[in-house]
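Down below is the structure, laid out as structure tokens.
Chain IDs A, B, C and D follow the sequence of writing; residue 1 opens each chain.
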Amino acid sequence: MLEELKAKVCKANLDLVKHGLVLFTWGNVSGIDREKGLVVIKPSGVSYDSMKPEDMVVVDLETGKVVEGDLNPSSDTPTHLVIYRHFLKVGGVVHTHSTYATAWAQAGKDIPNIGTTHADYFHDAIPCTDDMTEDMMAQYEYNTGVVIIDKFKKDGINPVHTPGVLVKNHGPFTWGKDPDEAVYHAVVAEQVARMAFISFSVNPQTTMNPLLIEKHFSRKHGPNAYYGQRKKK
Amino acid sequence: MLEELKAKVCKANLDLVKHGLVLFTWGNVSGIDREKGLVVIKPSGVSYDSMKPEDMVVVDLETGKVVEGDLNPSSDTPTHLVIYRHFLKVGGVVHTHSTYATAWAQAGKDIPNIGTTHADYFHDAIPCTDDMTEDMMAQYEYNTGVVIIDKFKKDGINPVHTPGVLVKNHGPFTWGKDPDEAVYHAVVAEQVARMAFISFSVNPQTTMNPLLIEKHFSRKHGPNAYYGQRKKK
Amino acid sequence: MLEELKAKVCKANLDLVKHGLVLFTWGNVSGIDREKGLVVIKPSGVSYDSMKPEDMVVVDLETGKVVEGDLNPSSDTPTHLVIYRHFLKVGGVVHTHSTYATAWAQAGKDIPNIGTTHADYFHDAIPCTDDMTEDMMAQYEYNTGVVIIDKFKKDGINPVHTPGVLVKNHGPFTWGKDPDEAVYHAVVAEQVARMAFISFSVNPQTTMNPLLIEKHFSRKHGPNAYYGQRKKK
Amino acid sequence: MLEELKAKVCKANLDLVKHGLVLFTWGNVSGIDREKGLVVIKPSGVSYDSMKPEDMVVVDLETGKVVEGDLNPSSDTPTHLVIYRHFLKVGGVVHTHSTYATAWAQAGKDIPNIGTTHADYFHDAIPCTDDMTEDMMAQYEYNTGVVIIDKFKKDGINPVHTPGVLVKNHGPFTWGKDPDEAVYHAVVAEQVARMAFISFSVNPQTTMNPLLIEKHFSRKHGPNAYYGQRKKK
């Protein structure tokens, strides 16, 4: 079942390796079939070298139960499911421990929007979640999803316009309309994290004019987008 | 038309990838035929993997209208055109979001001339433009060119001797006598940005003797240049 | 003798190169046969390019004497032997001068546990040893082992839960149940060192909730581990 | 003439590329035949892609005149010659603009000896030269050699034990008993510069016990050296 989605999710996982975002098995991509209510995700702790579409695991969006697949799904599956349940336009989710984005997560800091590279893909700062409380830790992966949702709700961030987050002391999650776009956003988040580290080292007080953020974001998003090979108006 | 220039511009775009200056489609090179008043530039948002000379777009230097080509030209085309119109010895222009140069642009700081690697190719600091005013943003790409020209005029910088700039919160533009040299200067600007980041981390007060700048610049430029395989005098 | 272990140790040495942890000949891996009381280790100063299993040197765990092999064993052999003698569950030991872990060793600082990447493999900070006293230096490599053991004893660190150390002004040693796992931990230590350098640059005061450390460590270790393809309970 | 030395010098130049120490044509290696009083050096500004032994240029040690070769010698030739004339045990010289060593040169700072990687190959700090005076600049490359020699003389540094230097605001020169060893020291200088940058970012006050420096240096140098496959005593 879901052969096409499995192929896409498998390829997206391998693209993480191609883009230098994963060491060993530290990363996972999932995709969703919203009509069937099923999520396809990478198996847990399996090497990328021999990964095939048929290794992907199918889980139920609501219950999290494995519907198909011989392997355990990624241990981060409950986090992916919470994101799909609350961010209804999300079609793919990525988690990595990519170097610079993870370093910002370890620093416990939002990545401020100080450049057009950032503004082209993330409208706001890439937010860093709050600490998880002690009683949430028993259901760690599920509640990792909860602290993500809470952060976006509390700060009024639109998850379509800012398709990623840093889980404090852990690492980035990004998403998109499908697994491919989620990987694209993971690459952008890593590059943005890397450049912001350098920028703040050079000038700790740097900022960007909010009007420039709007301008750049709207070049690629919304009814007046004109970047790429879109039909001109 | 302009088959030779298209081939050069296409190759120069691919060289950006080879030198590690671009992620995805984030970069563009153009070249000009000054006699015909035509500029050849990369199409917008197209993958480098399959890029061919015939994909290049020809636009009119004065009007910016597409003269030949099925694809939209780079969204940064208006910026390139302003540079060609005002810097009359420029034959090629490059824009990238290369990591270190972009990080300095995000920091809103000129890259000071503190080393002979810099002085060999850029006489002055690589300047960072001022903020664009709110009313300039409606014509963002055109006015990106304007803030570049204004910076060079205001500070009395010679664009032939200092063939590059950082657009604040955005990234570097470089240029040269042809597309190849513009790419060469993009590579130098990135390396110079990287080394300056490290140098200022090690010693925030470092400077270079202005006489040493003159000496190194004149080793490679002007009537007394003696670097490379030039005829000896 | 010990052909299988020699093959493993040789492969583990070559894996250091594959993971970018060594320049020239600067690194060594050993493995132990506890029943026979013999340690297999890389020869000293030999190029990785042509390294073969039969080049590995066999030394006696207690006396350090070469039992088999035409080449001198690694000059760090006495350090490896002290680790095997005191940390009885260790089956493989790695020493490298990998960039970031060595830089922390040169800084004379423990790498604090500020992220789940760290907590997944190292329970505590990766400790940095104390200075060696002057009279210990006559037997430098042996006493490098002694300062490692002393550090773990003094601070009550469990070497199975925190399988690595920084030798002050020198570089990292890591270990594991076999040579492969010791290499894995060397890779993790390098990545953790790299990310911590960036995190502390971004936020010098960052810390991690100790409860989150326990949670992540126990996801992969002990009776309730559930990461990877373990049988579910 | 000097076919063997030309082959060695050509290979050593290509090794700079292999080790990632050069961009474009920015680097040069030379070697000396002390009996004949002749130096073989890379031509100026020539691409590494097609470099062949017969492109190497032969110059006279004392006069600097080209004895054989159709191309101009490296513009840094006068610096190499001064080093050969004053440091009589040197058989090969390397100059690069490698990223981290050049960044320290731009910072105008010695690279302090804070680790055993450094102490294994450079006894003292890698020194940074003083500023050149204005009247020295007319003979810039020659006087680059002079400021190097002056620095070693003034500070009592042994050029065999500390086989490298940073020319202020310029970049590193290293040397060795032959071109190969000079390249080896260029690689070590770059790695040592990179690690020291990170170490001082983590701990600006870090130092190393001078006794440990002696110990490590003497492991690889002098009558009691025991690293590698030397005969045991």
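FYI, a contact is a pair of C-beta atoms (placed from the backbone, for glycine too) under 8 Å apart; a residue touches a chain by one contact, two chains touch by 3 or more.
All values reported here derive from a predicted model rather than from experimental measurement.
Among the remaining chains, not one touches chain B and also chain D. The rotation relating chain A to chain B, fitted on Cα atoms, amounts to 90°, rounded to the nearest 5. Each chain's centre was taken as the mean of its CA atoms, and the one lying most distant from chain D is A.
Interface chain C/chain D: under half of the residue numbers present appear on both copies, so the contact uses mostly different residues.
Rounded to whole angstrom, the centroid-to-centroid distance between chain C and chain D, based on C-alpha atoms, equals 33 Å. Between chain A and chain D, the centres computed from C-alpha atoms are 47 Å apart. In chain D, the residues that reach two or more other chains under the touch definition are 197, 200-201. The complete set of chain-chain contacts reads A-B, A-C, B-D, C-D.
By the touch rule above, chain A contacts chain C in their complex via residues 23-24, 26, 43-46, 71-72, 75, 97, 99-100, 102-109, 131-132, 134, 137, 140, 169-171, 197, 200-201. Chain A contributes residues 114-117, 184, 187-188, 191, 194-203, 206, 208-209, 211-212, 215, 219, 226-230, 232 to its touches with chain B in the complex.
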